[in-house]
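Listed after this line are the structures, all set down as structure tokens.
Okay, so chain A shows up in both of these, paired with chain B first and chain C after.
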Partner chain A sequence: MKTIRFSKGFVTGIVFGIVLTFLFLIGFIETGSGLLSKLFGQPVPTNAMPKIFFVVLFFVLIGMWAGSSLVRKYREEPFKDLLPVILVGGLTFGAIMGIVAFIFGSIAKAGIDVRTYLVAVSPALIGLLMLKIADPTIAALSLLTLFTLATLLGAFLEYLWQRRFSDKAKELKGCVSKRLIRFVPQHLFEKPAVKYATFVIALALFILLPRVWGSYWNYVLGTVGIYILLGLGLNIITGWTGQLVIGYVAFFAVGTYTFALLTAPEPHGLMLNFWLALAIAVGTSALVGFLIGLPILNLRGDYLAIVTLGFAEIIRILLKSDLLTWFTGGPRGIRDVGGPTLFGMVLNDDVNFTYLIFIMVLLMIFFVARLQRSRTGRGWEAIREDQTVAKATGVNTFSSKLLALTLSAAAAGLAGALFASRNQFTGPEDHVLLVAINVMCLMIVGGIGNIPGIVLGALVLKGLPEILREISNFRMLAFGALLVVMMLMRPEGFLPAKRPKISKPEVPDSAQALKEDQGI
Partner chain B sequence: MKTCLETTGVTKVFGGLTAVNDVSLTVPENSIASIIGPNGAGKTTLFNCISGYYLPEKGQISFYGEPIQGFQTNLIARLGIARTYQNVRLFGNLSVIENVLIGQEPLLSANWLESTLKTRKAILEEKQAIERGFDLLEYVDLAGRENLLARNLPYGEQRKLEIARALASSPRLLLLDEPTAGMNPSESRDLTNFIRRLRDEIGLTILLIEHDMKVVMEISDQVSVLDYGIKIAEGKPHEIQNNQQVINAYLGVGSAELIGRYQKRKRKIYA
Partner chain C sequence: MKKPNQSTMRTMLKVGKYVRWVLGIALGVFLLWRVVRVVTVEAAYTPDTWLRFGLSGLILGGMYALIAIGYTLVYGIMFMINFAHGEVMMIGAFCCFFVFELFRFLPAPTMTNPDLVFLNAHPFLSVLIAFLVGMFVSGCSGYLLEKIAYRPLRNAPRIILLITAIGASTFLQNAAMLLFGPQRKNIVNPAVLDRGAGWTIQFFGKPVLISYTGAFSLALSTILMIALYILVQKTKLGRSMRAVAQDKDSAALMGVDVNRVISQTFIISGILAGASGVMWGIHMGLVNHITGSLPGIKAFTAAVLGGVGNIPGAMLGGMTLGVIESIGPALLGIDFQLKDVIAFLTLIVVLIIRPSGILGERLSEEKL
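Up next, the complex of A and B:
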């Protein structure tokens, strides 16, 4: 028997109340019920509010969540003992929402527009919160009832689930995964025939899919691919070498602008070949990374983070300013950036671009995977673990870090060139600090230092918002919430980095092998 | 016998504190030399001077006749001086074998391009490194633990791994900073034998800081005593044991009389 504490109900009610009030203040109630409405096959037209039924459903779901979180830990006790806690929780939650509705309702009734202070809170939104009931008092009371009942319902369902199914569900889960593992024999994957078959299937999918699924998906996956390149690049310096780089977007901007200036008809009219321009863009980014690293990588601590942060802002402001308009096109950006060509053919359409980005991503993965398993990669990770000891063990920390930053910048340059070429346009607004923060986020969410993790992170953070267009206004909120949840649930990311298994080489005598190799 | 390491008049000052004051030390090749002294005597500072963390204000440190003071630590590692730390400092999130592979860094030469292109040289070098790593781990009794995370090893094995990492670079001089700290008597006996084996089998020169007098007296060819940064005595273990200055440093002035009195009383009791 656990002691049942009433304060728990109170605290839960307050927390949920504050969270929902916050969601109301930023206007998420509308978006959330809109999403629900879409889920039931009734998309909300633009500039219209979702139906009141879905708002109620949204509130009920959140209330149920509050209720279920209240009883999660008590499953041995009879339900009637839990009832007071749940009631306290539900009433607190409902009371807070009721008070909020009453306050805003009264203000709206008095004819004051609060949008001067709270941008998102429009009269229509207040109407939604009040469930379209005109009188504030009645609205508040009905909200109180609604949340109390929803909390009770949620708690009851959760309790039933805990009592009846929780153990069985766990058992079943274990059983199924065991069966699955047994069902797919591991040794099958080691047979060459199976390997080749998998490879052929993957290749066929790779060739067919971009042709089939249409230009929208090509666009989304192209963005994801570019962010994978950025993520893998940032991972070299931040994930492996452990040197924080905040203004990673600076190198991206250098790549984008170098490529754009070299291939666009304006302002310089160079119009170089795609591949040559790509190489120059990558090279320039790498050079910039090298030059930035040269003076500061001998220092310890977060100087690199600060310097790159400043550098990113300087680049963005310079690109935007009138000072360099003659050279970079100024705030209007650069139009008609060149697309890829191969032996005279113009490969400008979205299918070919998807192929190009996929190939670049695969090459990059191949490249960084080999680097990680090499002497260089080990040196980087040693620097991350303990720079002092790494140096005293013989790792040249300065040149190692410099190499990491250079390669990292080169990857950003590659991503930038592809980005400019695909969009056929680039401007200062493509290079805000948010890009770098997105890259950092996808790396942390996916699993810092782990290549599959970064690919997954890019899919989740860049792919999902495209699918869930409705919540794109709340992307930063979603990022924040996701990061907090991640840090609590999986502090090392979705797919945390694992160490490679290294086994003893088969050849019995290395000296013998050396002799054979040299042909003695 | 050749001289492996020689320090002449090394002085290191931190602000107003002279941590190491005019210390001259000669370590002959293929021997075990110990540095002892009370806490804060400057032993680890001297180590840090030798391995390149600190630049001494005065004096010279030479390794096989070549001056090495002022060199960066990675260069000193390349010259053949490896060290361990007072509180174990492994690369905790890397596997055991990777720790030893990083230890071999001074011996490897494949650059990043060769590694990514997997040239013949890089493959061969990597294979040899891994093989050597496995042999080393077997030598320090860590066979079968290769793919564990270093931080998951028990304390004693972490100490062994740290020594293995230091040995991986095929050093000529090994600096051990309190290798038996936190070990029980049987573990430290094992380690004593192991250190002796390093001298006899591999022909290493070993300089160690140690507080466990049993270990020091058992294995040292030469013992130097530091107190307040000054070398107050040097000699064979038994000479140090009877040196009045050393006893004063450890137990305080006048302790000889106290010890005499204590022994007399003890005799009386047991008589």
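Up next, the complex of A and C:
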């Protein structure tokens, strides 16, 4: 039996109150209920507010979340023991929201526009928070009731779920995963006919899809592919070798600009062949990575992160400055970057580009997958786990790290060249630090050090925002929060890298045994 | 498989060392040549201009130094780069903005002047309140940052802590943007502390203006630095901080509450960053969500420049970086829009030539 304290109710209520107030202040209430409305098949027209029903639904869902988080760990106690705590939590949550609604309602009633200081809080948004009730006091009281009831409901449902269904659900999940996910494919995939059939289907899809679904999806998928390349490249140095590189965008910029300068008619008029320029771009990026790594990599770990960060900033400022306008085109960027050609054919449309990026991604995946299992790859992972031990077992840590950085820079160069060629344009704004942070995010979300994880991460982080256009304002905020939450909850990512483990002998935990003896 | 050639690798290591020396000497010669040329041959700037550059560098350096101390304190104890530290400074600058805005509209009429507002009626009280609010809120955010984001990861690999810090930084920056809007906000100072006002001194026959805000910032940052030095060297808290920085486990055995000390370190570094943010607001007069990011990175540069983990080093590094940044472009004869390039180049060059910084001793491998 665990004892549940009133303070837990207070804390939960206050935390949820602060979070929802924050969501209100940044205007997410409108977006959230708009999404709900879309989910129910009633998309909100532009410049209109979602219906009040969906706002209430949004509030009820958050209230239920608060309630369920209160009782999650207490399935043994009778419900009436938990009731006071749930009530305290719900009342605290409701009171905070009521006070917020009262304050903003009174301000709006007095005719003061707070948008000078809080840009998102428009009178219409305040109206949503107050559930379109004109009088602030009544609105505050109804919010108090709403959140208390929603918390109670959520807690009750969660309790019921925990008591009645959670064991059964777990059993069911176990059965399903055993039967469906493990049993079926393994037996099927061992048959060569099925293997070839899957391969053929995948190939057919891969050839047909870009032709069928139109240029917008080709564009989105091309972006995803370029980010997969970047993610795989960063994974070599950060995921496997364990050296943090923050300014990865610097190598990307080197690749982009090398390629663009070599193929564009302005400012130099070189107009080289696509493949030659691609090779030179990759080579230049690799060389830059090598030169940066040479003096830095045998120093302490953080220094690489800082130096690349500084390098990325330098490159961005230089590209924007007047000093290099004659060489790089300055803030206006470079236009008419050359497209790919093959035996004299110009392959410049979006379908061919999707093919090209697909092929590059497949080649890259093949390359890094082979690399990971090689002696070099195992050396990298040894360095990540423990540099001293790796050194003692015969890994030359310095040259291994240097090789990793060079390869990873080369991958960024490849991605950069493809990026410039596809967009037919590149400018300083394509190379802000945000790109590097996005790449790091996708690597971490997917699963650091794991190739399928990176592909998944790129699909999720670069593909989803295109589908969920409503949340584009909140994307970076969500990224930041996601990074912290992922690191706290699941630092290995959604698809964690599998590592061989040595099984430990079963030893009874003496501290645990002692605790059990004392009945704690 | 072929065995790796040992001698090539050894040569490469040696090359790395030589690159460092060659770069250092070449850079020194080049700098000397430029300085001599700019000062004697080109004579592009008169002495009073140099003094003006130096002064603005010192003022900027004071703010950098305060932020850099926060980086150094946290690095010394947890060996992590707190990337969200610049955002804590941004929070301080926003506090300054809101306090001044509040007082700007708070009427405080007197007999002679019925339109007088609180900001102009009690300018020093307003500034004091702005500082107290800024330092309090920033200290709280430092504490919450540690409590929510970093404490659960106390024993995690450092790369995870770093990524968390980057995430926290992105979150705070975008939260500020969504809350207060992306445009820059003007901070209206009390009339006494007008940014154009100041003492004029004669230097080589030319007037040089020392603005009140600049002098105030420089004085206050000096006072805060001295206070911090006394705190770290003389008080019990400072002693426990130094003990935890040296060895967490031994400190815990000696009866130091390590978690508490780490929290207090984050609070102190938050307070200093907040003070620096308020100064930034008063002196520079503009604030938006990215106010903190560039000074944050530069302050980290300053911390590395002085020797990371070393408090006098951070102060010296901050001052040096401020002066380099404001004199550098003139000295090298390049455009002033490239001053950030000079700051970052300084960082890279210092890391290559003297990785331990100006005052830092070589950190041992255990601190990796």
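Just a few scattered comments:
Simple rule for what comes next: the second predicted complex is superposed on the first by the 478 of 520 C-alpha atoms of A that agree within 3 Å, B and C clash if a C-alpha of one lies under 4 Å from a C-alpha of the other, contacts with A are read in each partner's own complex, and residues count from 1 in each chain.
We take it that contacts are C-beta pairs under 8 Å (C-beta built on N, C-alpha and C of every residue); 3 or more make two chains touch, one makes a residue touch a chain.
It should be emphasised that the depicted structure is a prediction, and the values quoted were computed from it without experimental measurement.
After superposition on the shared chain, chain A has more residues touched by C, the comparison being chain B against chain C.
Contacts of A:D386 after superposition: chain B is touched, whereas chain C is not reached. Applying the stated contact rule after C-alpha superposition, one finds that A:F367 touches chain B and leaves chain C untouched. Looking at the shared chain after the overlay, A:R375 reaches both chain B and chain C. Of the two partner chains placed by superposition, A:S408 touches none, neither chain B nor chain C. Of the two partner chains, chain C is the only one that A:G27 touches; chain B does not reach it.
In the superposition on chain A, contact of A:N396 is made with both chain B and chain C.
375, 388, 396 are the residues of chain A that lie in the contact sets of both chain B and chain C, per the superposition on chain A.
Chain A contributes residues 22, 25-27, 117-120, 238, 242, 244, 246, 294-303, 305-307, 309-311, 313-314, 317-318, 321-323, 375, 387-388, 396, 398-399, 402, 437, 440, 444, 473-474, 476-477, 479-484, 486-488, 491 to its touches with chain C in the complex. On the chain B side of its complex with chain A, the touching residues are 51-53, 72-74, 76-78, 82-83, 85, 89, 91-95, 97-98, 101-103, 105-106, 108, 110-112, 115-116, 118, 120, 122, 124-131, 134, 146-147, 149, 165, 169.
Put simply, chain C touches chain A in their complex at residues 1, 4, 9, 12-13, 15-16, 19-20, 23, 81, 98, 101, 148-149, 152-153, 156-164, 166-175, 178-181, 297, 300-301, 304, 334-335, 337-338, 340-341, 344-345, 347-348, 351-352, 355, 363, 365, 367-368. Across the interface of their complex, chain B is touched by residues 367, 370-371, 374-379, 381-382, 385-386, 388-397, 403, 407, 499-502, 504-505, 507, 510, 513-514, 517 of chain A.
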